[in-house]
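Naming follows writing order (A, B, C and D), and every chain is counted from residue 1.
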Amino acid sequence: MRLTDLLGAEVIDQEGRSAGRVHDVRLVQDGPPVGGFGASLRVAGLIVGARGIGARLGYQRRHVKGPWLVRVLAGWLFHDGRYVEWDRVQTVQPDRILISVPVRDLSQPEALESG
Amino acid sequence: MRRSTAVVGVLLLLGGCTGPVRSVNVYESKAGRTAEVAASAVQTALLAVEAADGGKAHGRYLTQVLVEAEEDATSAQGTFDAIQPPDRRADALRVRLDGLLGEATENLAELRIAARRGHLAELPELARPLPEVAEQLASFAEAHG
Amino acid sequence: MKRFVAVALGILTAIGGFVDIGDIVANAETGARFGMSLAWVVVVGVIGICLFAEMAGRVATVSGRAVFDLVRERLGARVALVNLGASFFITFLTLAAEIGGVALAIELATSVNYLLWVPIVAFLVWLVVWRVKFDVMENVFGLAGLALVVAAVALWRLGPDWGGLLHGATHPAVPQGESHPTWWFFAIALLGAAMTPYEVFFFSSGAVEEGWSRADLITNRLNVYLGFPLGGLLSLTLMAGATLFLEPRGIQPGHLSQVALPTLLVLGKLGLAVLLVGFFAATFGAALETGLSCGYSIAQYFGFQWGKFVRPADAPRFHLITLVSITAGAGLVLTTVDPITVTEYSIVLSAAALPLTYFPILVVANDPDYMGDKVNSWFTNALGSLYLVLLLVVAVATIPLMILTKAGS
Amino acid sequence: MAGRVLDAGLHLLDRQLVDRDGRLAGKVDDLELTFPDGGGPPRVTAILVGPAALGRRLGGRLGAWVEAVANRLGDGEDRRPARVSFAVVKRIGSAVELSAPKAELETDRLEAWTRDHVIGHLPGASDAPD
């Protein structure tokens, strides 16, 4: 599987409701070690939302502040971001990901502290 | 070949003037613009002559300026002449402007020929009619701009 | 002492490097048509390029990442590819314009038709890109570009009505007989000439080429904050020369030779010769910068090895791109399209394309993951946001104005 | 121990690859995710580089075209993008630093081709920049 197979796919719950598309994939470095990198990166969850460009600008991280104008704009472009834990993912189909948790129960993604 | 052509060319292109110009007003403004370009060329030549008179410039550079001025004026005239005048009033405009353009290009050609031969001292004498031509072109442009 | 020399050299090259064929054409044309009434745009453009270049230089120095590397990181592969297409096209047009400009400058000195010089110029540009060390290249052409100061000397010797020029510059108004859209169209052209995107590609890549470290940040600021404004002043003297000599006679300059007339009339043969050296150096230097920038932008998008800090054999795709771009640029000029017209289009489109690179740089300059404690100050951000809005307005207005004014004619 | 958390798109994708010697070795065009044999969430096992990977990222007609051109340029059977194992990744910062030299990576193929067939033939190609 490639990361691209996840990015952009539509996320749908069991009631057929859409949570938007995958904008990013959260990784945690706690897998079995690989080479000189140390622990490998594990897919922890999907960041999902209706609008896309905002996520890429990086303003969801707490320590990224200015400029005010762009921050507000990015916030507006990504105001409905949601987070899906990987263990809630049931199946990955081309362009479609089915999840086991209802869309309304999804919470906002946690802001990253630092890159 | 150079800018004046390009400007007039773009003007024609954007005006959608591949066929006959329907409105006499459009024709008139094109005539005005052509006069403006020609006046600019004549004035440029006059500045070059001024430099020659003061012995301030090389013959080669002066020739270059004069060649370009002549090119600008002739190509503006050529582009204008290719436009079909829409009616009688336009014909009158055309005759009047063509007369001025003819005078200008003829004079500019004489300057260019003298400069090419290295007869820089003759330039001020040859350029004597040009201020008058420039004046008339400018007022034509003013009146029909 | 060595440090002082380095700083002084940087400032001087920034002055000479600021002016290129776009500045020469835009300033002469606006001066001849609108007097000093658009001088304020040069000031706005110079502040903008200072802001933009300082940020890009700082980001490149601290993170080691040049502009197009970051454009892709922030905008993603798709949007950045569209951005690359637009930016590369404009840089390429500018390259062609500069090659044409060099050939025109040589034509003025030799009376041999510029088209014959184009292949030779293109070959020399490539040869310098291929062989000459980065800092030598930058210093030689930057310093030689200072010959343009002769235009300022001419203005000084003439002793014009300074008050009148200043009054024209400080009381902007659309001259009689000119329309508002045309005036604004030329304003955009002047802005595009002062803030050309390639300057920023080149500046940030240059910081990586020269291996700048945090200790060089002060040098970066001085180069930008002193060099560019003085360069802007130099281009304003060209505008003033046109205002004094060409505007009253209704001359609309379409040739480099006409731009040189004011200096010639005041200073004579020697002044002209020095000015032509300045034209040559400024356009040749800019041809190098745009040629390299063609390579920088594509290589940085795809992550190829780029730069003159490695052997050409170690950056083969980068060198292939610059070689092809220079050849194609010369080819474009050889179609006998007027280089001055190419210049006019390149600067106007440059203005329209500015947000494409300005925006990602503004965002990254605020990202502590890249910048650590060197993120933008609140003042830079306030000014930066103001320019972001301004550049967006310009980008939206450019094409409609271009159509409405028939490209300013 | 909770490991470092990062977002693939924000922190990895489209970043510059830098080899052991500081040479630029392509961009992170995509990531290879592998489900472990024993089950559980997928892990990042490799960085995918080059037009064959980029084409799919771009999507649409342009992406398909890029992928097709990449396949045509590829050596016949080998129609997959260049793969850089995560085992040679040293650090993820403003660039992704690798512990191997560029020449040992698959990403070097097109670069090497350009050098061997075009640029290397020009005089002075191998002269030091100094």
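To be clear about the criterion, a residue touches a chain if its C-beta (ideal position, glycine included) is under 8 Å from a C-beta of that chain, and two chains touch if they have at least 3 such contacts.
Since the structure is predicted, the reported quantities are computational estimates derived from the model, not experimental observations.
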| item | value |
| --- | --- |
| Label of the chain whose CA centroid is most distant from the centroid of chain A | B |
| Centroid spacing, where centroids are CA-atom means, of chain B and chain D in whole angstrom | 60 |
| Centroid distance [mean C-alpha coordinates] between chain D and chain A, Å | 23 |
| Centre-of-Cα separation between chain D and chain C, whole angstrom | 34 |
| Euclidean distance of C-alpha centroids - chain A vs chain B, Å | 66 |
| Overlap residues in chain C, where contacts from two or more other chains coincide | 76, 369 |
| Sequence positions of chain A contacting 2 or more other chains | 56, 58, 115 |
| Shared-contact residues (touching 2 or more other chains) in chain D | 9, 11, 13, 57, 59 |
| Arrangement of touching chains [line / ring / star / complete / other] | other |
| Pairs of chains in contact (touch as defined earlier), listed by label | A-C, A-D, B-C, C-D |
| Of chain A, residues touching chain C in the complex | 53, 56-58, 61, 63-70, 114-115 |
| Contact set on chain C toward chain B in their complex | 107-111, 177, 245, 249-252, 254-255, 257-258, 261, 264-265, 268-269, 272, 336, 338, 340-341, 403, 406-407, 409 |
| Touching residues (chain side chain D, partner chain C) in the complex | 9, 11, 13-17, 23-27, 29, 49, 54, 57-59, 62, 94-95, 102, 110-111, 114-115, 118-120, 122, 124-130 |
| Complex contact set, residues of chain B against chain C | 1-8, 10-11, 14-15, 33, 36-37, 39-40, 43-44, 46-48, 50-51, 54-58, 60-61, 63-65, 68, 72, 134, 138, 141-142, 145 |
| Sites on chain C touched by chain A in the complex | 74-76, 79, 359, 362-363, 366-369, 375-376, 378, 381-382, 384-385, 388-389 |
